[in-house]
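A short write-up of the structure that comes next.
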Amino acid sequence: MTAALRVEALEAGYEPGLPIVRGASLTVAAGEIFAVLGPNGAGKSTLIKAVAGLVPVFAGRVALLGRDITGRAAHRLAHEGLGFVPQTENVFVNLTVADNLDLAASILKVPRRQRLDALYALFPDLARQRKLLAGRLSGGQRQMLAVARALVGAPKVLILDEPSAGLSPKLVGLVFEKLADVRTGGVTIVLVEQNVKAALAIADRAAVLVEGRERIVGTGPDLARDPQVAALYLGHRGGGA
Amino acid sequence: MPDLVGLLSYATFFLVFASVFAIIVLGLNLQWGFTGLFNVGVAGFVAVGAYTSALLTGPEYPGQVGGFGLPVVVGWLGAMAASGLAALVVGVAALRLRHDYLAITTFGIAVIFQLVALNAQPLTGGPFGLQFVPKPLADAIPGNLAWNAAYLLTVAVLLGVVYAALERLVRSPWGRVLRAVREDEIAAESLGKRAFRLRLQAFVIGCMIMGLGGALYAHFVGYIAPEDFLPILTFQLWTMLIVGGSGNNRGAILGAVVVWALWTLSGGLLREIVPAQHQARAATLQVVLIGLMLMAILLVRPRGLLGEDAVVSRHARSVSPKPDVPTSPS
Amino acid sequence: MLQLVADGFVIGSVIALGAIGVTLVYSILQFANFAHGELLTWGAYLAWTVLVGITAVAGPIMPLGPFSFGWSLLASLVVAALATAALALLLDRVLFRRLRRRGSAITLIMASFGAALVLRNLLQFAYGAVPEYYSREIQVALRLVPRHVLGGLRITPDQLFVLGLTAFTVVALHVFLTRTTLGKAMRATSLNPQLARVTGIDVDGVIRATWIIGGVLAAVAGVFSGLTVQLWPQLGLDLLLPLFAAAILGGIGSVYGAVAGGFIVGLAESLSVPLIGAEYRAATAFAALIAILLVRPTGLFGERP
């Protein structure tokens, strides 16, 4: 069975001579929730941004559903079944909720009525707040909108950069519940997270990244129990590249 | 056998201009390098200084105001006062604006000043400008070369004074708070009114120095007209600052000398190569050359010869959200 | 009074078309392009060059109807529009794109100021400083309104052409931006470039489209200016402050704002002539700019400060 996402020996970064991701490899199976963890500066965000075409790739390979997408531009990937939710500024604050979703539907040329009805069904709170400016939404609702926007194109793989950032524990729970629903709908989910506990609670499998490369890979429950994981975090508390 | 007198004369001329420009660029550096204020109307404030000094010290001009015949030193002080006052008015109105709006506004100010210089004949002599701007102590020092040398000495001393004063100022507590305000927009906001007053002070002081430069220019050349203060002057001064390295007072002086040297050299070269009837057109090529140089510096070495690392990009944080990362390596 | 209003609309047309380009570049590329005025000048001169070429090859062209120009000017306008768009793209490729990567809006402005000087002086080198005209034909002004009604109104056919074509261009642009997804993509890019990318928008393509639209409109504005006034190397620089004033007045990023701003500035300039004299017209644009910045910096139709 083809992996939903396969990363092989990826090297990536912002400056050509300074790779932040240094030969990371991951395999994400279709339909699973995969968490990418690691201390600050390990390169988690850079890794997924490189996959999503937002950060230059220096070496290695990325395959989406078996097709090579290494270094492909972000906007093209959006049309090819990849959804990406940035950590910050992930909604168009000057547009209404409806306009945020309509925009994505227009750009991705999907049947608007059908897709949006499905999304409003999945996110009933957003349906109620359709006419509200995205900038006026609460933190939790904004995150929901960000996820909804990324789902407009019916992606096969959804990547999220620290979806719990800035949210209270209760809201984190709600967002992650929603992600579980999304996965039930058949979408593979990859999330970068600082909140190890919450991430491992819903992840099927996870990897811990340290200094640009994966160190530990395993199932969610296994890693939750693994003392090495805690050690990695504690050991690098003050540092990290 | 090279004409020694001619060479000395040329050198003196060159150095006087370079020093006057250096003084003005020091004022600009205070505004941009140390305070992060983007003043694209420099030529206007230089003009205010030049015209004020000329009007205060010059002889009677028929049909217009001026001709007070005051001593030259009074003229210079008056020039600083006038450009400082103009800066105060402009600053109070414009300094709260975003950096790019400030740029457009100061550009507009310079356009207005130029319009007034060109059209308000009773005030500024209109397109003919002001002649017979008195050369200080011209009677006391006979001979062109001697007077030029004496003037050069005066200007050089003033340059030294301005440099020393500015160096003291930026190392003082006032200067330190100024730098803090420049670098951290959020801290600046928390200081509120105080940050605005600091910026205003830096703006006014900078413009006063520019006005002094204008006056020094006027009394050396003896004749000023509106076309001496066109946007090209602003551009030359900015190029000097960027080439030399903004944020660094020595860089400001070095930039003035280097760019002025390139300007006069290219002018001389073009005068040699180009036949007489095309001379006016050759002057436009000079501008093209300097323009290309500025763009090249910005692309290749934006911090200039002596500048701090990434001074320019440091200001970007307070201007607008950082542009997103390119999707592919260049 | 009516005459001043009409003149104001004609000037306003030129400013409006130029300001659309300024506002689009400002909002999508995040910088005030001090070189935009030179795109107008280049557009005007490129058209003039083509016109001279056509006349050299095909002989003097008969004016069309009551206008001062023939089909040759229209053909020249089309060529000039394409060439100016190409110039704008070249400028971006060679200069602005590289500076964009370094991330400083101030550097971009400074570079654009330098580019403006280079472009202006190159033109002056090539064509000299003497004003040129598209046609030496004397235009007879049509009296549309008798003198006893608000001072009367006379207008030349060329001026009517300018007004008409401006209206057409604005409507065409509106249709284009609303019917195609490009308009939405441009708006999204101006709001949040990275989010636009992950939403599926080709931001580089949007940037190219912005320069093309800006360049084409600048060429048209430049030709209109050359047609109704004259061609000279300072054409663009004289209009730069009014262009910025119009764009900021209308609200950065708003095409309608730029058009409205353009007409307001044009009218203000024209109406101020009896008050402060024709020499100080540029001051009116500046006054409008300061007023809007102090009172409502977001402009009339703008959304972001």
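First chain written, first letter: the chains are A, B and C, and each begins at residue 1.
Keep this in mind: contacts are C-beta pairs under 8 Å (C-beta built on N, C-alpha and C of every residue); 3 or more make two chains touch, one makes a residue touch a chain.
As the structure is a computational prediction, the values presented were derived from the model and not from experiment.
For chain B, the chain with the farthest CA centroid is A.
A summary of chain positions shows that the Cα centroid lying nearest the centre of all protein Cα atoms is that of chain C.
Chain A and chain C have Cα centroids separated by 44 Å. Inter-chain spacing, taken between the CA centroids of chain B and chain C, is 31 Å. Averaged C-alpha coordinates give centres for chain A and chain B that are 52 Å from one another. Touching of two or more other chains is recorded for residues 194, 197, 203 of chain C. Residues of chain A found to touch two or more other chains are 53-54, 73-75. The residues of chain B that reach two or more other chains are 324-327, listed in rising order.
Listed in rising order, the residues of chain A touching chain C in the complex are 52-54, 73-76, 78-79, 83-86, 89-95, 103-104, 106-108, 149-150, 153.
The residues of chain C lying in touch with chain B in their complex are 30-32, 34, 95, 98-107, 109-111, 113-115, 117-118, 121-122, 124-125, 128-129, 193-194, 197, 203-204, 237, 240-241, 244-245, 248, 277, 279-280, 282-283, 285-286, 289-290, 293-294, 297, 305.
For chain B in complex with chain C, the residues that touch the partner chain are 38, 40, 93-94, 97-101, 103-105, 107-109, 111-112, 115, 118-119, 231-232, 235, 238-239, 242, 280-281, 284-285, 287-288, 290-292, 294-295, 298-299, 302, 312-313, 315-316, 319-327, 330.
Interface residues of chain C, counted against chain A in their complex, comprise 181, 184-185, 188, 191-192, 194-203, 303-304.
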